[in-house]
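My questions all concern the structure below.
In order of appearance the chains are A, B, C and D, and numbering begins at 1 in each one.
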Amino acid sequence: MADTMIEAGVSFLAAQIILAVFIWWFSTSKPGQKIRNFPGGARGLVAAAIVLVGLEVLALGVFGQKAWANIYFTPPGPNAMPIQVQAGQFAFYFRYPGPDGKFGPIHPELINEATQNIFGLDLDHDQDSKDDIVTAQMAVPVNREIHLLMHAKDVGHSFYVRELRIQQDFVPGLDLSLHFTATTPGKYEIVCTQLCGLGHYNMKAYLLVMSQADFENWLKQQAAMQ
Amino acid sequence: MATTVHEPPRVRPRKLPSRKQGTGSGGGGWRDRTPSDGSFLAVGDRSTASKTGVWVGLAAITMSFAALTSALVVRQGSAADWQHVTLPRVLYLNTLVLVASSFTLEFARRRFSRLAFLGSGEATASPLRWLYVTLSLGLLFVGGQYAAWLQLKSQGLYLATTPSSSFFYVLTAVHALHVLGGLGGLIYVSSKLRRSALRKNTLDAASHYWHFMDILWLYLFLLLWVKL
Amino acid sequence: MKNWYKCAGTLTVLVLLGLALLYSGPSVGAGSGGKITGTIKLEGAPAHQRPIDMSKDPVCAQQHTGNPVRTETVVVGPNGGLEYGVVYISEGLPAGAANAVSSQPVTFDQKGCVYHPHVIAVDVGQKIEVATHDPTTHNIHPLPSAGSGNIGWNKSQPPGSPPFETTWKAPEVAIPVKCNIHPWMHGYMAVVKGPHAVSDDKGSYTIDNVPPGNYTLTAWQETYGTQTQKVTVASGKSATADFTFKGK
Amino acid sequence: MDETSRASQAAHHAPPQGFIRNYIFSLDHKIIGKQYYGLALLAVLTGMVLSWLMRIHLVWPNSPVPGLKWLAHTSAPNGVITPEYYLSLMTMHGTLMVFFVLTNAPFAAFGNYFLPIQIGAEDMAFPRFNMMSFWMTFLAFCVLMAALFVGDGPPISGWTAYPPLSAVGAVAGPGQGTGQTLWGLSIAIFCIASLLGSLNFISTTLDLRARGMTLMRMPLSTWAWFITACIALLAFAVLLPACGLLILDRLAGTSFFVPANLVVSDQIQPHSGGSPLLWQHLFWFFGHPEVYIAIVPAMGIVSHILINAMRRPMLSHKVIIYSLMSLGFLSYMVWGHHMFVSGMNPLSSLMFSFPTLVITIPSTILTLIWIGSLYGCKLRITSASLFALGFVSLFVSGGVSGFFLAQPSIDVLLHATYFVVGHFHLVMGVAAIFGVFAATYFWFPKMFGRMMNERLGKIHFWLTFVGAYLIFMPFHYLGMAGNVRRYSAFVNDYLQPLLPVHRFITIAALATGAAQIIFLYNLIHSRFRGEPAPQNPWEATSLEWTVPSPPPWDNFAGKIPVVYHDPYQYGVKGATGDYVMQDSPQKIPTVPEEGRR
């Protein structure tokens, strides 16, 4: 980011200043004055553009690729904590697997916001669903890698936390995932960045980053509220 | 708009005001070469535009069908709900009809160019006959496609029944629309021919379009037939 | 000339009055009718009502700190009285009584990011006044079923907006209403023909203005569905009909 | 093909008779060009008013807008803009501006008027298609306007109309019923119109050039329109079937874009197995080239005008043409950069990132040639050249932000924020509009036979130029602070401190918009009261300046010109003035003055 910032800033300022200077300089030329060429002519400029921008492109491409690869080509570690997130008009809901570490299956036909069966769980039949903890906020222990399993219930949404520099769309019909580690305790906002309807502006949830002990307490509280 | 027939514009051949004499540049037109007959009529003769126009239009049509193809490939590959439609038998017959129509159109074109070469104005009957045959084969093809839809309908396969049937209806319907457009073109061409006002470029343009529809159908047929 | 105006005016008033009397006939008649009372009860354990986490919109959460609202699919009062049951006459009403429309609007209020009341019942064509008292924008999204003859809509109500009025064209028990911005907000609008009532927090209800006759009475509850029973109403008398739904 | 003989008739029989043939269903490319211009003007004014409403709502969310009560009775009760109406305004603003302004004004309007004249043709190759293409565009505009006033509200899914939001129907939100269907229909009609238009542009350029007008002798503006037509032909050919499939998903219950098991408002949807990403691919395959459909004509126009103002040809005619071509070509390989966070295979993100970065090379070459050509020229400052220079400045400003967005790792932070909004408004919106302004000031004398007021033009330039920067530069700051776009209100805690910036932007937008009244006044006043324009007021060299202002109905009064020179013979020693017209048989000294090739 910083290198891009510098490069963009320099080329921006240089271009604007030279443009302004040239306009000022040559708009006041006298009638008898001869027309001159820019030293080096078109060939020089094209060469400069290709070499300079080419190098820049290569550099940005390589750096950018590294940064990208770090996030997207590395699978989550074996100790990553799985959390499921479901986006719907216009709220995020989260699911923790509970003590058994397993998520029960989702039955879309059972989804009912009136009974707060957000994920469409069948508590009567699915053993794995019984201890699942469904929450409206997302708490994570600090410095623990989180493996986020994402799906959308209705239309496209997106998961964006400014402070974590992460953004990933929810694409209906696709199960996507994301992994990240939060390193600073605090309360952050998860917001939706993909236009999803009239309540788009108010589609958000809080991300609570806390110590492991606090997190366990929080999870117990939430389990009691199921 | 005007119903009277007008002669194509004649630009009297003039000496080329070219600075680089001998290299043949400066002639204008997209073929910047001196035409073989030495005149510069090619420039500004609008009838070449009809050919160019058809080719440009075909490029756009190709692109549209490429988009639909990619949609089909993605759709077929991405979901588990793909049930392949067995193509109705009548399609094989339709394919034959359309291929035959390309040949009959080519016959008409041959006859016409021989006619133009001989310069006889009254013997338009032979190319016209072949044009009519092409027209009826084209109509038969569209009718056959309709029969194929009826056949699918009788099997309970509607537009929205399965993704495969959706694509079948969309692709065949869009193609049939284009064929109908081609039929309109052929009707125009034959009416021109009847009045002995047909230019070769117009007929060429129409036949290029028609052959393209033929090839496009063979491609679509294959696409709908194969399970990727 | 002036006299002529006076005459015409008086005549018009008289004709209007006569017409009014003629048309108000059935409802005046119903006023002398009887009523149906009773209670709706739940036997067994009510379905679990989850507490709602409103943290998504702090404006809502602030109004319920320490005392979270629960879902309202089954609300049981003392002695197993079932709140928010809709009782209405499903068969046997004369056309006049069935088509009478109350001129009194029913208020459907949004307060603390919850619908008040959770269930309303209205006549076909009766005005519903949708009001908001929340400092946040709600959207009101009724979802009538496809073949009912009612057309769904979806409309936002920014904070501070005056109430707006709406009506339904066809009977339907009951149209779910939800707010998508606050997905936990859920309520029902029952649209019926003829006299009806919604049970209170003790489960009891009273249907007034029932003309004498034999009727089929239906009670509807959002989780447990419908129950019917026959009831006979005599002129000026009160008939009783109790319903009992079975929980799991 | 049935156009052939009609085309020749159109250009060769007597001039059209009657008001309707002359001005409404005219076959004359000049009238059609003016019609496109008028439609674009109508669309841009509407779009601008919509953007004002949005800006007002963002900073004064609960205050009623006077008059809106009557305009949008259901969507904005009592004149207070609801969240859904904000999104409708946004959708309409985007659609109007992208399709009916940025595609129509620089490409269809000026291209129609000047491409045939600049290549020495009497009309377009297929005048009848040309007329159809305008009237279909007009129909598309009417259908879109109908969507704005339709019963259940205008569509709310943005100009990108991502399914399933745009495909599942009214249950997904207000305006997603009839309004969204009308939107799809409007765009489909627009696609057909644009295809016909592009077909005409390409055939005309290839086949109807005057004698001596080789491809390399075509002015840069003509080149730009030609390249744009090639881009548009392929781009709209993809959007058209995509729109068709979307409409089928909406009306016929097919499942091209809607996956199975969607639960919208607790109602499970009866679709199966479609792919929302498929729409995104098809849409952006069109959508990215569309950016170049807007900007490439502006580049050509600006080059054409700058050369005239600089009194010298560009450092290299060919390099500009090749750069424009490579922009057009590359624009087809980068669509995926709109989908970095869409859950595409991360590898494809990299595949799309690289050509996106490579696109900066032709862009930089163009910029350097423009700036480099300024060196040692004799610049004439006019309203037209000011706007052309302003274009270069805005193009640079909007371009450098592309560096950030081209890299997926940075885009993850900036995607769908105001940074993106600032980026594309500067580089595509305002820059292209500056091209249109420049073209208007430059060609108005030719189109209407009267001069525009230069003083008003310059005031208009400075207000608009400063205003554009004041509006859109803060957008970048907002984006970096994580301000998400397409929000109708800012309820998030971290967005509260940014509200003053929004207030500033709104005031700047209202003021800049108001400054456009000067332009409108200038346009209308000059049309009727302006000084009569001479044939060649700017001492320019290309063919449009060899004919009277305004040109006769067949452009060259039956005398098709013969072209002897490259288009930009400026700074010629020994010429009367300092230039030689393209159709002048005058010899040009073989030893060029320094500064000429």
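One rule holds for everything that comes next: a contact is a pair of C-beta atoms (placed from the backbone, for glycine too) under 8 Å apart; a residue touches a chain by one contact, two chains touch by 3 or more.
Bear in mind the structure is a predicted one, so any value in this text is a computation, not a measurement.
For the pair chain C and chain D, chains touching both partners: A. Between the interfaces A-D and A-C, more contacting C-beta pairs are found at A-D.
The greatest centre-to-centre gap from chain B, using C-alpha centroids, is found for C. Distance from the chain A centre to the chain B centre is 49 Å, each centre being the mean of its Cα atoms.
If you average the CA atoms of chain A and of chain D, the two centres end up 31 Å from each other.
Rounded to a whole number, the gap between the C-alpha centres of chain A and chain C is 45 angstrom. Mean C-alpha position of chain B lies 65 Å from that of chain C.
Residues of chain A found to touch two or more other chains are 88-89, 113-114, 173, 197-199, 202, 204. Multi-chain contact residues, meaning those touching two or more other chains, occur in chain D at positions 82-84, 173-174, 259-260, 265-266, 273-275, 277, 489, 491.
Multi-chain contact residues of chain B (touching two or more other chains): 79. Remark: the chains found to touch one another pair up as A-C, A-D, B-D, C-D.
Residues 88-92, 113-116, 135-137, 197-199, 202, 204-206, 225-226 of chain A are the ones touching chain C in the complex. Contact residues on chain C toward chain D in their complex (touch as defined above): 57, 136-137, 139, 141, 143, 152-162, 164, 176, 178, 180. Across the complex, chain B is touched by residues 1-13, 27, 121, 125-126, 195, 198-200, 202-204, 206-215, 233-234, 236-238, 240-242, 244-245, 248, 252-256, 259-260, 272-275, 277-278, 281-282, 285, 560, 562-564, 585 of chain D. Listed in rising order, the residues of chain A touching chain D in the complex are 1, 4, 7-9, 11-12, 15-16, 18-19, 22-23, 26-27, 29, 33-38, 41-43, 45-46, 48-50, 52-54, 56-57, 60-61, 64-65, 67-68, 71-73, 88-89, 108-109, 111-114, 120, 153-156, 158, 160, 162, 165-174, 176, 189, 191-202, 204. The touching residues of chain C, counted against chain A in their complex, run 47, 50-57, 68, 71, 73, 136-137, 139, 154, 156, 176, 178, 180-184, 186, 222.
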